[in-house]
Every structure is written in structure tokens, then in C-alpha cells.
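Next come two complexes, and both contain chain A; in the first it sits with chain B, in the second with chain C.
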Partner chain A sequence: MKSFSSFHPTILFLYYLSVIFISMFTMNPVLLGCSLIGSILFFSMMNSPKVVLKNIGYYLLVFILIAITNPIFSHNGETILFFLNDNPVTLEAIIYGVVIATMLVAVIFWSKSYSEIMTSDKFVYLFGRTIPKLSLVLSMALRFIPMLKLQIKKVNQVQKTLGLYTTDSITDRIFSGIRVLNSVLTWSLENAINRADSMRARGYGLKRRTNFSLFKFYKRDGILLIAIILILVTAILGFVFNIFDFYYYPAISSLEITGVGILEYIFVFILMIIPFIIEVKENIQWKLLRSKI
Partner chain B sequence: MEIIKVKNLDFTYPEQKTKALKDVSFSIEPGEFIVICGESGSGKTTLLKLLKRELAPHGNKTGRIFYKGTELEELDDRTAASEIGYVMQNPENQIVTDKVWHELAFGLENMGVPTPVIRRRVGEMANFFGIHQWFRKKTTELSGGQKQLLNLASIMAMQPELLILDEPTSQLDPIAASDFITTLQKLNRDLGLTIILVEHRLEEVIPIADKVMIMENGSMILYDKPEYVGQKLKEIDKNHKMLLALPSAVRIFNGLDSEGKSPLTVRDGREFLSNNYRNHINVLERPLKEDENRDENILELKNIWFRYERDLPDILTGVNFQAKKGEIISILGGNGSGKTTLLSVMAGQHRPYRGKISIRGKRIREYKGKDLYRHNIALLPQDPQTVFLKSSVWEDYKEIGKVMGYTKEEIKNNTEKIAEMLSIQNLLDKHPYDLSGGEQQKVALGKILLLKPKILLLDEPTKGIDAFSKSVLHDILINLKRQGVTIIMVTHDVEFAAIVSDSCGLFFDGEIISMGTPVDFFSDNNFYTTAANRISRHMYNNAITCEDVIEICKLNGVKENYAK
Partner chain C sequence: MKKDLLVLAFIILLIAIVASGTKIQSVDEYYLTHIDEIAEDSETVTISIRCDTILDNLDKLSPQLRAEKYVPKDGVILEETEYVLRPGDTVFDILDRAVRHNRIHMEFQGADKNSYNSVYIQGINFLYEFSCGPLSGWMYSVNGKFPDYGVSKYVLKDGDVIEFNYTCDLGRDLGYEFK
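Up next, the complex of A and B:
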């Protein structure tokens, strides 16, 4: 299901960087609409329908809340619709609120799929190149934290059967928490000594350390990279030549419908739905393969 | 040429008067499998660490160690790190990174090996050790056995010529442990790898060793072929502590005062008995224990069902169990069968969704707050380290005193009594983490006993402790039993269960399927039984411990053609 995630980490990171960058630095309603559609489409490919519906329902509420909040506090704009407590509510402010909500929800959905796709090992790989020590520290931390959690749970349970701080009162809980934390800290120091030994025994600290990773750069990574860069360049050109400019106050500016403009929008739309297209393509391919057998 | 040569090695830790190692000399040929054994504190670990330069402890060292003819200190850094591999005791503490593949590559990264080479070697190792199924997993998701295998594999990826292992199986369950030992044997046989192994679990290790070294108080008292170890040890001291640790076949052979090459495996032991002993008496008469225990059940489980969460499978499916006052009951069973869960349900840590547990005639639910754990039921967990929270054993004990509402005087008296019973007086001022595995176990037990439990639940009490500590634990448990404490333990250790329990049960598929006295239980089992029983079952019906076998052999007498 997640064929997009099998692309090279650099490509994935570049993709998310450009998508989130475009979404955050424009107020153009068409671009933001594309971004929202792309993010939700991809999110729904990655999760079960139940999860998707639940999320969409929840963020619809968030969306409405933000969209309503803006006109209540912002009274700019020249098209006054009605007065609320002697304050004007303007059409511009409502639309601006809707656009802001679109941007926020889109960025949230991108982040959700980002955290599923850019797993820790990919992140470590990306930054391990530039800062080798950091990547090892990250990797060690990622191992250590779950271990610590487990130990805390174990100690807690054992201490309860010893009859120490078994009641549910807040003071008991706090005291037992402090005690357990204290002992687990000693335990982790003890652990660290062992780990240091294990690292030294395997030659850590020798000069010329290399960084190994499982990731390979395939041809399809190259193709996607070129596609992303091309679209990104055209989009940046669009920004530079003010094609995407859009204003809400005092009056809403109109969209420039020119040939170049439409082409630009199409490009950005394609960028936004690339992950979705890749997933769909993969699904169809599998169905076809299976029907041939 | 020898791969390792040690000449007159002496070692003293800083600010210690006694030497940790005294005049140790030996040499090891390439491809040999050496097993080192000895009580805890006999200097085994010190010796091993001195052989691995990166881990050598600080202190005063005299004598010389040669690796392939070069003195250890003069070895090139890379050679020293990669050619001598070292695996430690605790599988958890040695893993450095979060992913299995990264852990495998860690040593090679340190050596500066280029990526394509690492890729090949990691792949090779994953295949050899059968790691490929969990190659991309997180290291925290692995079982103990898998973790230790990963530690071994990540060292093997560096292509060492000498592998040093310090009690690598002590934290593993018997099945994982025997898998691990088999892997070591394979490495030794197929790759000609030289192996130095320190172990408690000698039953399986001694038969595959080329030589066995026995250490005592920092000196090497014996270094010989395994067939002669038993006999030589007996020549040194007829009641030597280490005799208890030897494989059952050797112990029976020794007990019968035979001479020459001793049998090592169950197969050899059977052959030895059939060739030399008669079997006209095939049942060992035992004094019938009068059924004096007519007390009511102190702990009773009726039709207990339990699962951790609604969507998860049942772990306990209708368990029925009862224990009377002063009984020692062992529950045996495979790994992950739910034995530990059973104990935690008994201890009231988890609630069954069906069934009834009563403790001393009162339902477990009716106990409020800490009442359940005062003078009632206590659980010693598998990992004794989780019991301690303070910076000395004494402080930990004091705290329990407070829970029990003792006065200062009472705390002191009780602590002294328990310290005497467990002979841990000299450990009270130490930090719990500074103690050895067996000591930690004893001290943790002491803390639990301060709660004055009527029912004591033990989870794998013999895990990671040596044969001598086991016999000490045996005496402690029998002593407690005399005081009327009911002891229920779950264990993998069939040998220990056989000598200590009043009854044994097998836990399988969510319930306790057979219960009986150790003699009935083990002589009915074919596979799940003690080594002594497996050695003798073709001739005698109910011998389950080495002592039983020796006794019945003596009763029967030797065959006429017996050659001493």
C-alpha cells in the first residue's frame, strides 16, 4: 500500500519540504485547494476508511471553527454582510478565514502522512550524512527511550506488590513516581556503562568511521527527483512573476486566468497529487498482475 | 602456534588487597572450544576482560598475554577490535542502535568498512544466523534469545578469530539458551572459530568443549579434557562445590566412584549404566510420605480465565489450582506459555474476567489496599533489580519495615534475622547493583520476606545463578517451608524443581494439565524431565535426581564383567 514510502529518503524529504513550503507561503486559494485535496487523497490511501472518515470528521470541525473565528475578530474588508454586536462581519474576512483553515488543515494532513513515511531510520540516514555523530546519538536515543519506559512499567508493578504506595491517592502516586524514577535513573547509568563497553569492544572511536544504510538510489528515484525539481522551478517562477499573488483586503482580488497561469496551476496540482498517483498506479498494477495469474 | 598464550598472569584491582587473579598460565590452540567455570567471584570475568584489550579493567597487572605471538598491548587498534570478539551477559545492555540491520553494521561502520562491503557481510551474517526474518525490525521488539543472537551476529560480522563469551545464556530461557549454544557449536565446527566461554549451565556445554578450565579464588585449579574433569576435581577435594555444577552423567559417574573417561552426555550415561550395572531392582523404595497435610487450601484458583485486552487471545483458560500450607509447588512450562501471567494473576496484579481466587478463604477482591501484601502474599519478580529503589540494601529493607508498621527496634531485629537466614549480613551496606546475580536474587528475596508472607510466589528464581547459589536457594526454600510458608514458583529449571518441590505441574495451553509429586511427574514424562531420569529411565523406573540414580545403582550392584 505504501509504495511512495519506498522512495529514497532524500526524495521524500525534498517532496515534503516543497509541498509544505508552498502551502505555508501562499494565500492563493487555488494552490491551497490543490494542497488540501492532495494531502487528504494521499492520507486516505494510507489509512483504512474508518480512520480516514474519523479524521476528516474531526478536521472538518477544526476547519469550521477557524473559518468562523476569523470574521469575529477581523473586521477588515469592504463588503459588510451584517453586524454582530455592533461589529461588522465582512465577506472578505469570512473568505480569508476559510482560506486560512484550508492551509492549516492541509499542512496538518501533510504532517500526518509525513510522520508515517519519514520513519526514524530515514531521518537518521538523512542527517547522519552531514552530522555523523548526531545520527548515532539519535539512533541510540530511539533505542533507549522504549527501554526506559518498559523498565519504569516493570518497577512500578513490582513495587505495588511490595505494598508500597498502593493507594490511588495523589500524594502516594507522586511519591512512588519520584522513587521509581530515581531508581530507573541509576539503572540507566548502570546500563550506559555496559553499552559503552559494548561499543568500545566493537571498535568505536577508531578513526575513519563510515555510515551504513539500507537505502539505495534507484532510477525511479531519479525520475521523481527531476519531476519535483522541474515543477518546483516553475512554481518558484510563478511566485517571482506574481502569477500566484492574491489579496483579500480591502477587497478580494480576482484570479488571473491566463494560459500561463492555468498551466502553472496544473503543474502545482500535479505536484500535490504525486503520492496519490503513485499509490493508485501501484494498486492498479497489482490488480492487473493478479488478474493475469 | 597458539592463538592465546597467558603467562603468569596476576591481577589486583585498585585499592584491593587480595589478588583477583593469581599466577594464571595457559594456552589455547586455534579452533579450540574452551569452557571456563567457577563460582561467582572466582575471577572468570576478570580473566576474560583482560583478554579483550578494550575492556581490560584498571588495576595492577603483571604477567603477559600473547595473541598469535604478539603481546596484546602491542596489537594494532583495528586488529584488536575486530579479531577478538566479546559477548557479554545481559542481552539488553549490549545493543547500541535501534534497528537490527544497523546493529549488525555497527562494528563494521566503526572499522571504516565501505558500504558495499558492509552490505555483503551484513547479508551474510543475517543468513547464517537466520536473522533475515527480523532484519528490519526494531531492536526493542526482539525476544531475549533473539537479542543475544543479534549480539553474537553483530560481532561475527567483524570476522573475529577469537570469540569470548561471558555467561551469554544466563538471562535466556532454556530453549533459547540451547539454541544459542548450538549456534556456538556450529561456529566452532564450521568456521574453525576459537571460542572461550564462561558458563553456569554446564549440562550442555561440557560435552561440546575441547577443554574445561575451573577457576577458584583467582587461580586456575584445573585445565583438562572434559572427560577427566570430574575425576580430577574429586582428587582435589572430595566435596568440591563445583562438583554440583557438572553434567548429570559426570555426577553419576563420580558418585559411583568409577574411574577413567567419564560419560558426558545423556547418551553416554545410558550406555555407561547399561554396560556396567544390573537392574534386578528397578524401583527405588521411598518412604511413603504420610498425608499429614490435611489443612484447608491457603490459595485456591477456580476456573480462572484471563486475557490482557478484550481483543487479545486468552492466556489462562480455566485454570484450577490449589495450594496448602507449607507446600512447595513448581509450575513448569514452555516459554511464553503464560506462566508469569499466572503468577501475576495469583498475586492480584491482574484481575481474571471469570473465575474465583481465594487467599486464606477470603476472595482476593475483598482485600483492600496493601492488606493483600501484608502478611499474605508476595511475589519475587524475574528481574531482581526491579525490587530495589534505594542506594543500599539496608535502606531498602528499612522502607519495607515502615510499610509493615514496625518500630525501629523491630526493623533491626527482623532484618538481622532474615540476613542471618540468607547469610547476607555482609551485603547489607552495598548498593544493590554492585552485587552479583546470585547475591541480588538473595537480597531481593530478603526484601520480600520482610513482608512476612504466608504465600511466596517466585518467578524463575534460578535464572542466571550458579550451581552453588542454587543449592543455597534450595536450603532457604526448605527452611521457609518448615516455617509454614507456601511457595509457588514458575520455572524452566527441571533439575531444581525435581529436588525442591512437593508437587510439580505442567502449564500448557492456558491451564495446568498435570499435577503430581516430582517422582510421579518426572518419571511419567519422557522428554520434559531431568537429565538423571533420562539417563536411567531405561533401567530404573523412578530415579529422578543424580542421588537417586547413584543410590539405586549401588543397590543393584555392578555386572560381573565390570571393568573399573
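Up next, the complex of A and C:
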């Protein structure tokens, strides 16, 4: 069950906006760690353990790749480990790479859960009235990759049943993959035009046209909204008063631990794990109710 | 399967080419440079590295660099030092030798990586371009004149005096006017 997705679309959109913005505009390792933990916990609540492990394994590779890439291009930093082609490879650059990788992977995991939670009907419900064209384009763009993946799988299977590209050779399989991708890309362009036409045929974006939707603003939505706004304000105050400032070059600054700082970190951590907590609470409730039957 | 082996061999060849082009040195190996002894008849040049202008613009300096370690109180990173001029030495060769000899941090962009075909000095002693406002960076002068071309294009003569200065205002605070 995805109980977090049953909240009002406005709340969900505001939540994702604030979480992704906090993750993207800070280089503070504690905040980014909280963000990564929150995003992976929530992602693992929504998917089967097999999918989660597969994803974590893949993004671990991405993580390592980014962490290695930074010291090759950035040579700033006091602690020199060794020289590569007369350029220093420093500890600071490696740590900076690790932190950037954390940020990137965290934002990717947030986006993954976003695309599962904020389905296109919710997005169009929020923005279909005010910016009809842009919201249609955005919802189509967000759905583009999953749709492409599905279609590639279909075409691949059809090719296999036709008896094409069934050799063991990896090279042949790669070339067949490129051909399939080629055909699916042109198909997706055509599909986008078709969809735009069919939306117009249904009168999308006309002024007098009304939409039917079942989204109601309940009391729990209000509570969550207040909580998000309160935490967001404290976090912004933290940014304004430079509590989250952290430097990597030329030497890594030490993490200043003050009472206010710890409080700020706890608040942001709570914000990051709100969806996880809601899912866990709902799961426990479900199990309890079932055990009573 | 034959195709696979061919592709594999090609990838291994690529990795080998990349690996043969990289040189790994330890810190001590890198700083172990040979400095010629100054004899009576040898040609010499003088080099100094200063950052006085930052002291007047401390408010613009990035907060993580506000320490004695990076910006010395007197603004001198390397005081006037004499080095032996080898035939064909450019300003960059002397700078490279001086910073290695004194273990001063320096980062540069190679001559093949920009359109000027000359080395660009990005940072010395952790003071980088743009570290002290948007108009800041390193400039060099030889015998008090600011050449309008890169460090690795200036071939030195006997007795030249090289000065590296940090500017916070495109050189105007060093008495240089761009024409």
C-alpha cells in the first residue's frame, strides 16, 4: 500500500519540491546524508526487496564513478595523496566527489518515488487549469523514460520470437539493442504527437471545460501541510544564518556542533523521513486490523 | 564469439593506451626537483609571489580562505629568490621550479587545453581565480611590465625580475591598464 500517495496532490508536490530543493542547494554532508537515507528508506517501502537491491547495486556503481571522477578534474586541497600526470590528487577532492555523488543519488531516488507518487493525473489536476500546455508537456516528459523502457522490452521480445538476434555474442546483442532503441525513439515521437492530438480532441485546455477529480483536502492534509511549512521555515532560517555552511576546499571545515545546529539537523531529518514514517504507520495499522479478523 | 574476443581485445588495447599515458608519483618524488647551484658566470632571474591586494579586499575573500596560512599578513608567499636560468626557459618553467622547490601549492591549465596555446595559472597557495571577487586572479610582470600573453610564451633573459601578483580588480590595483 502506498498511503503517502493518498495525500492531497498539493501537499505531495510541496513536499517533493522542498525536499529536492534542500538536497540540491546544500553541500552540508549531514543534510545530504539525511536526504539519502530518507529517499532510500521510502523507496524501499514502495518496492519489493529484489527491485530495491537491484537499484541500490546500480546506483552504487554510479556513486563510485562520480566519486572517482571529481579528483581527476579538481586538484584543489591541502592533503595531497599522490601526483597523477603532475597534478595532485587530494583527499579533499575525493571527499567532495563522494558528497556530490550522495547528493545526486539522493535526488535520483527522490525523483524515482516522485514519479510513482505524483502520477500524471495529479500533476494535470494541479497545473492543468493554469498552465495547460506546459503541464501536459511536463507530464508526458516525466512519463517518457518508463514508457520507453516498457516499449523497448516489448519490441525486444517480439524480435526474439521472430528468431532474430538470438546468438550468444554480446556484440551482436548490443547492436540489436541499438536497432531496437532506434525504432522505439521514432515510435515515441509519433506517440507524443498522437497523444497531443487526442488530448485536443477531448477538449483539453478549453476554458469552460471542467475536470472530474476525487481529491479532497482532509484534516490530515492540513496537519502535514503545517508540519512541512514549519520545518521548511526553520531550514531556510538555518541557511540564512549560515548554520549549514560547510567548505571542502582548501581544507575540510569541521562540523560545528551547537544546540541550535543539532535541532536544525533533527528537524530536517524528520522532514526527510516523513513519507517513510507514514508508510510504516499504515503497514502496522493494516497488520493490526488483519490480526483482529 | 569471435566478434566478442575482437571487441574485448580492442577494449584492453584502449585501457593499455590510457594506462601508459598516466604517470603516478608520490608526493616526495614530485617535489624532488634539481635546482642548479648559482655560480659566478651562470645566468639568473629573480621571482617573487605576492598577494598584497587581498589584504585591502579581505571582505571579498571567500570565508574559508581567511587564515594566515593562505593569506600571509605581509602578503608575501615567496620572497624574491634567485634561480638559475637554463637556456630557453619561460616564465612558467621558473615558476614551476620555484613552487616545487618551496613546496607551494600551484594549479595550472595546460597549454593544450585553452585557445591561447599557453599555460594559465589557476591558483597559487590555494588562492584561486575568483577567490576574491569576480575580477580576481593571478597576473605576472617581468621587469615591471605586464606582458599581454601567457606565462609559457615569455622566454626570459639574464637578470629578468619576475613578479607574480594577485589582483582583485583585473590588474587595475596593480597599476595595469588593459588597452
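By definition in this document, the second predicted complex is superposed on the first by the 210 of 293 C-alpha atoms of A that agree within 3 Å, B and C clash if a C-alpha of one lies under 4 Å from a C-alpha of the other, contacts with A are read in each partner's own complex, and residues count from 1 in each chain.
Here is the rule we use: a residue touches a chain if its C-beta (ideal position, glycine included) is under 8 Å from a C-beta of that chain, and two chains touch if they have at least 3 such contacts.
Since the structure is predicted, the reported quantities are computational estimates derived from the model, not experimental observations.
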Which superposed partner A:S291 touches (first chain B, second chain C, both, neither): neither
Greater residue coverage of chain A in the superposed arrangement, chain B or chain C: B
Partner chain(s) touched by A:F82 [first = chain B, second = chain C, both, neither]: second
Partner chain(s) touched by A:N182 [first = chain B, second = chain C, both, neither]: first
Partner chain(s) touched by A:E190 [first = chain B, second = chain C, both, neither]: first
Touching partner for A:S48 - first (chain B), second (chain C), both, neither: neither
Partner chain(s) touched by A:V158 [first = chain B, second = chain C, both, neither]: first
Partner chain(s) touched by A:P250 [first = chain B, second = chain C, both, neither]: second
Common interface positions of chain A, toward chain B and toward chain C: none
Parts of chain C lying in touch with chain A, wherever the complex brings them together: 1, 3-4, 6-7, 21-27, 29-30, 63-65, 70, 105, 107, 123, 126, 128
List of chain B residues in touch with chain A within their complex: 52, 54-55, 77-78, 81-82, 85-86, 88, 90, 92-99, 101-102, 105-115, 118-119, 122, 136, 138-140, 151, 154-155, 158, 344, 347-349, 369-370, 372-374, 378-379, 381, 383, 385-391, 399-400, 403, 433, 447-448, 451
Residues of chain A touching chain C in the complex: 75-76, 78, 80-88, 168-172, 245, 247, 249-251, 253
Contact footprint of chain B on chain A as seen in their complex: 120-121, 136, 139-140, 142-143, 146-147, 150-151, 154-155, 157-164, 166-167, 179-180, 182-183, 186-187, 190-191, 194-195, 197-214
